[in-house]
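See the structures that follow.
In the two assemblies presented below, chain A is common to both, partnered first by chain B and then by chain C.
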Partner chain A sequence: MNRLGGPLLELTEATPAFDESSLPPVPFTLRVMAGECVVIECRDMSRATMFADLCSGMVHLNHGTARFMGMNWTELDDRHRNALRGRIGRITRRPIWTDLFGTHVSIMIKQLHHTTVSIEDLTTETLHLSEQFGLPGIPTETPRRLSDADIVRSACVRAFLGQPQMMLIEDPLETSPVDLSQPFFECLTAARDRGAAVVWFVRDSSVWQPYRKAVSALWRLADDGLLTVRRR
Partner chain B sequence: MRGAKLLAANEIVDPTEQTDASLRQKFIQVVIPVATVVLILAAIGGIGWHSYRTTREGVLKLTHELLQSVQRYVVQDVTGYIGAATLGGSFAQDFIGHAPAAVAERAFYAYGASMLRLVPQIQSYYLADQNGNFLLVERDPNGKGLEYTQLKTDGKQAVFHHDFYDESGKLLRSDENPTGGYDPRTRPWYENTIQKKGFAWTPPTIYANTKMLVVTGAVPLVGTDGVQRVFAINVSLNQLSQFLDGLKISQNGTAIILDKNGRIIAGHDFEKVVVRAHGDPTKMTLDPTAQGTFRRIYDIYRVRGPGSHPFKYEGNNYIGMAQTLPTSDDWALLIVAPENDFASFARQSGRESLQFSVIIVVLAVVLAGLLGRQGQRAERLTRQLAFERAQTSTQTVALQQVALTPDILDAKDEALTLTEELARVSHARRVSLWRLLHDGTALICEDSYDAKEEAHSGGFELSRKDMEDFFKLVDAGAPVTVASAAGDPRTAAYERMVMRDNSTTSLTVHPIRGTSQGHSDIVGAITMEDAPFAQHVSYFLEIVASIASIRFSGMAELPAAESAVPTGNDAVSGQVLPPPRIDEALMQAPKVGGEIGEGLFPSVAVMVITFSDPVMENGDDASGLLSLIDKIATEVQDIAVRYSLFSVKVAGHRLICVAGCTKEPDPTAIWRLAEAALVLRETCMTLLSTANIEPIFSIGMDFGPAMGGDLGKEPKTFNLWGETVTLAELMAQGAPDVGTIEVTERVYQALREHYLFHSRGSFYAPRSGIGRVYVLATRR
Partner chain C sequence: MTGSSTGQNGSGDDGNPNPPTSGVLPAGPSADVHGQGAPPETFHRDDDGRPQNLTISDRFVHFLGTLGAMVRKRVWFLLIMLGTSWGVLRESLRSNTWRRTVRYEFQQTLATVAGRGLLSTVVMGALTGVGVVSQAIYWLGFAGMAKMTGSVLVTVIVRELAPILVGILMLGRSGMLSLAEVGMMTTGGQVRSMQAEGLDPFLLLVVPRTLAFTVAGFTLGIMFSLSSLTTGYVISRASGALSNSLLSFYYDVVTAMTSADYLLIPLKFIVVGFLVGLGCCIGGLTASNEDSIATMLPRGFTRGMLIVMTVSVLFSLKL
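On to the complex of A and B.
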């Protein structure tokens, strides 16, 4: 795995097109280094979703650049852009689960698509994460038949699977019917130790307080853009 | 973690690869020069072809004009050649016709003699009249003089009277011979001429005296005495053939003359024609094999008339010309010349241009190659620069990381970052820090970092007596890189003992120089295995070595500090340690339920309860918990007795309850255990809430075969293992929420009649495969 000297995620005056993203068309500037955890407070989680899209190079920019691992999203061709997205682990509020396959397929499909890892290794890794998040195994039912809590667990497994270089997390703890904070913080810390950058979108400060000592920076995403917040 | 490591390494598409740029560079370096050379070649070829075409057209045009001149010249010459007959005939017609009858004979002789002396192609002259008189003048076949022949009739016998004259006109001798019935009036030349009433040609014949082919032109005349006469001239065609043969049209150009019936009058290789026809003039036609080109132009001439007719014959281009000869009997002059005779120099010129072009192209290719090579060198340099820049950047980051590590120089703290960063910048598989003992007898591994496994290890020792050569290498103090550690005697022992497990081959040894007992000495070594960038990290290696030496010097003080403390045995001897608990069973198995067994139990019900650590607020007394736990344990014992459980064990955070350890299947075991689980849950909930603690337990159950038995010496410990126990533990760990009882499908099948469950879904686990998981809610 490549470790970079520079920031893993770098937004430089990135101004999204409002029509497409409904994000405020103001320049966003953000740098997240390897191992850093940046918390972004955002009351409107759909906006957080769009901002995570922006970080993943899925939002058209009117000005500025969005770089991940030193690579400008707009300068890559589709093939490399998709491959690069394979290095991002994401938990999103957007409905992503499909009932066409079992949940296990949805969890592992990113790795199956982007890598040549053997099914055996992938299953071992998935099982390990599943157990860590309190699942008795890898869920094979369709997502519709899983409980809300198990869906949140599956989403966490899916995001942390494959040692992603960057985590874009729209907070799962607040909406979870069960307390997943312990395995979540464990995985988060492990990922950061490995050199991953974490962007964690939360609705309010109560969620991240237990982890406050380890948070590198706090921002607030509002109508007027991304503002840094002085931590108390 | 090994599997996880593979995930990143096995990306199908590496997004960081710079394919576009390298493709563009390849395009610039290869495609453009090649395309340029091809274009140059095409341009040169095109110019050459165009030049060849233009030259050829020009040459052909010129050739055409030239051939027309040649044709005019040939026509003129042939006309002149046979003009001796036609003009001579006209002249003789007038000269003899107007001479008095008495001198007509002498006039004929005089005219004929002078003409024969002057015009070589003329063979002879005849003069015949309607009365059968016949005069002949010809060259003396045996000498240089002339022979006059006259048909005389002495009485009834007709004879030829021959008078032979020398060059000066003096009569040498006379001779006579019989005519054999010769009558000039029956000869074709006489009859044709009388019939035509004008100048007439007679088809070629072999002239009897000279055996040469001649053609006879004759003209009628009427003398002053009113007698009809015919004056005839024999012109030698051999002379004409020699003349045509001598004509230089081109290198391979030839000419031929045909009469109106297609018979050869004269031309190239006429002797062969005569031989082929056996001297018969009527058979002297064109030979289709040897004279195909003439046949072709003759055919064209007959269809299209006289003129210039280029044609192709047997793959070659020819220029053919045909013309009807004036003053002849519709004779045709045919000239054929291969186009190559004229255009060959254009081809030669084209070939030479091509050769010159090839030289130019070769030079261009050499230049392009030099240019490409230069480009590649520049690119290599750029790559090297970029590589070095990246290397510098990596080392800077690594250095920063080392600098930021707190207490890096404190020997008491571990400095794992040193080996990690060194492995990162050198791309080494494994980096180890070795400390040399004071007496130099052993190297202690302070830290060894395996980059592939991302794992640290250390503490092992290498003894000098085991690997003297390696220690000497370290003692020498100079950094050494060995490509194949197994093959080098200095590092072979190290390879065998350290590297073989990891299958690494190359080794870099960097001795650490430091202060030992007041003087500078080697205090240890850094080893890097399979480090491709080892030579690029020398200064970083020096820094790490310096830090390590400071740390080692700090470590050297530790034994002294330890020695100040009383020995361990003395310190411990004062304390009273509790006796070791070798059995953590809450219940002795044989004492409960009267069950006993050993080996395989067919239907064991296992319940695992996992407790997590309670959240302790600041200021809470942890010792208060102990009574709570004790209370729970007591309750568990009571429940176990109440429901006749076989065994209850505590293992760390887990409580394991077992029922049904009998040789025969016990259908009530799972029911008893389920009841116990429900009661236990309620009890725990109540006790924990009383103590104001969140429910921090979850319960898992399974039902099935298991192995078990008493183990060890007295007091023996009963233990149970197998898939049922594993699954029960898995159920407890994976329970959906705290305080829930998660069970496997087997438990559900056994208890669904009496209890309420809700399904959690299907889950996959290795070995057990996909199975449904249920949550036990309550009794029905």
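On to the complex of A and C.
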């Protein structure tokens, strides 16, 4: 990552196709440097999900460009796009869990697919994160049999696993039945210290207030695009 | 970090033109022709802006467009099957495809289709042996055509019946399960989530499952054939219709096979397994948001049956 002098995420007049994304067809411009944390307030979290998709190169653009790690999503072939998405950690409101695998496989599947890290090392890191988020170990049941709290914990473990270059986080704290703010902020800070960029979507401003001193910028995702919000 | 967003939405003011009335529309033959054979919505979306005095060549192109759209609409699943068949074959030959997750999915699917389906296949083969093989042996002996037993059994059981029954068994037992799993993941948004993490559903689900079905198709086909022939022999021997040994019976069957049979019979099992697996996975992956289990399963079963029968018929023509 040190070879990158520019922003990790860069949207330049990126205008999404409305019928594909339901995002407003307005140009979005955003730059997030390594180690920065950007909070984006958004009333409609499904819109936040689509914006995160836009940042991941999953939304067709009518105009403009979306770049991650200096690479334009539209200029990459499928294999490179997928490899690059493997460097992004996401916490999303969209359903991610399936009963095809046990929760442990679902948590580690991205690393198992994109990397050649040994199972032992992966298990050690997963166990460490699981314990950090309050799980007694790595959950092996199918996700359907886990409690809501453990599902949120597992989603956090899944997102932070593998030291991703960028985090696209649709706030897990607001809907969590247990207080995960402490381990969440710790992992967030650790990721930023490693040089990861963080885009954190929140619905309620009270959620990120405890972390406000470390937030780099605040935006609001509205019908007319991304708006700057002055912090108080 | 810098950022900005402009609020232009690009919607221009069209000046609200008056809507045309019927009296303004051109009357006469050209208006009628323009309305005839209007292409579906998917073809030439900008037809409204086209001049109404079309030349013969324009009309011919229009006609071809309409015809092409209709054909595409009818055979889109076939086209997808052809494309994805090539895709699966191509991806399966790339070493980079066989990652841990793909291997894991292949093993899981193979264990489900071949492992758990083995007993059902053997039982179905045994029932076929009782119902068809023993009857064939009996009636051929009764008609004084016992020497043809081998060739009749190869033709009827191994070449024709086994691929169809094994295909139906795989379709009903594992194919529908695969269709439902992938379909529910597609409609539920999990497939989209997988894509967001760089997990290609074609690579992770379709390729390993299809290849597992392919291996299972061959395995179960051979097991079915062995089971039915052996059971038929046992019943015939018990009833006195046959007096030779089991090895002698199998020798008759094997010698009745032509050299083409040794290639085409396994190929038929393989192709049936491949297409059943692929059809079910693609059926699930192409499900729309309006789909549910109630719409996906009947459609998938019908397509699967068509696939099995079509493969059987096509190979029979070759044979």
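Definition applied: the second predicted complex is superposed on the first by the 229 of 232 C-alpha atoms of A that agree within 3 Å, B and C clash if a C-alpha of one lies under 4 Å from a C-alpha of the other, contacts with A are read in each partner's own complex, and residues count from 1 in each chain.
Note that in this section contacts are C-beta pairs under 8 Å (C-beta built on N, C-alpha and C of every residue); 3 or more make two chains touch, one makes a residue touch a chain.
Here the structure is a predicted model, which is why all the values come from computation and not from measurement.
Student: For A:86 in the superposed arrangement: first (chain B), second (chain C), both or neither?
Tutor: Both partners, chain B and chain C.
Student: May I ask you to decide whether A:114 touches chain B, chain C, both, or neither, giving the answer as first, second, both or neither?
Tutor: both
Student: Kindly classify A:69 by the partners it touches after superposition: chain B alone (first), chain C alone (second), both, or neither?
Tutor: After superposition on chain A, A:69 lies in contact with chain B alone.
Student: Between chain B and chain C, whom does A:147 touch in the aligned arrangement: first, second, both, or neither?
Tutor: first
Student: When the two structures are overlaid on chain A, which partner does A:139 contact: first (chain B), second (chain C), both, or neither?
Tutor: Only chain B is touched by A:139; chain C is not.
Student: Looking at A:127 after the superposition, I want to know if it touches chain B, chain C, both of them or none. Which is it: first, second, both, neither?
Tutor: first
Student: Just checking: does A:96 make contact with chain B only, chain C only, both, or neither of them? Give me first, second, both or neither.
Tutor: Only chain C; A:96 stays clear of chain B.
Student: With both complexes superposed on chain A, which partner does A:42 reach: first (chain B), second (chain C), both or neither?
Tutor: The answer is neither, since A:42 touches no partner chain.
Student: Just to be sure I read the superposition right, which of the two partners does A:24 touch: chain B = first, chain C = second, or both, or neither?
Tutor: second
Student: After overlaying the two complexes on chain A, where does the chain B footprint on chain A coincide with the chain C footprint?
Tutor: Touching chain B in the first complex and chain C in the second, residues 79, 81-84, 86, 114 of chain A appear in both lists.
Student: Looking at the complex, which residues from chain A come into contact with chain B?
Tutor: 1-3, 5, 69, 71, 76-77, 79-84, 86-87, 102, 104, 111, 114-118, 121-125, 127, 130-131, 134-141, 145-147, 149-150, 161-163, 177-179
Student: Tell me, which parts of chain B touch chain A in their complex?
Tutor: Within the complex, chain B contacts chain A at residues 3-17, 19-20, 393-394, 396-397, 424, 730-731, 733-738, 742, 760-766, 770-771, 773.
Student: Under the touch definition given earlier, write down the residues of chain A that touch chain C in their complex.
Tutor: 7, 24-33, 36, 38, 52-53, 56, 58, 78-79, 81-86, 88, 90, 92, 94-98, 100, 105, 109-110, 112-114, 216-217, 219, 224-228
Student: Within the complex, which stretch of chain C touches chain A?
Tutor: That would be residues 1-10, 96, 99-102, 104, 181, 185, 188-190, 192-193, 195-200, 204 of chain C.
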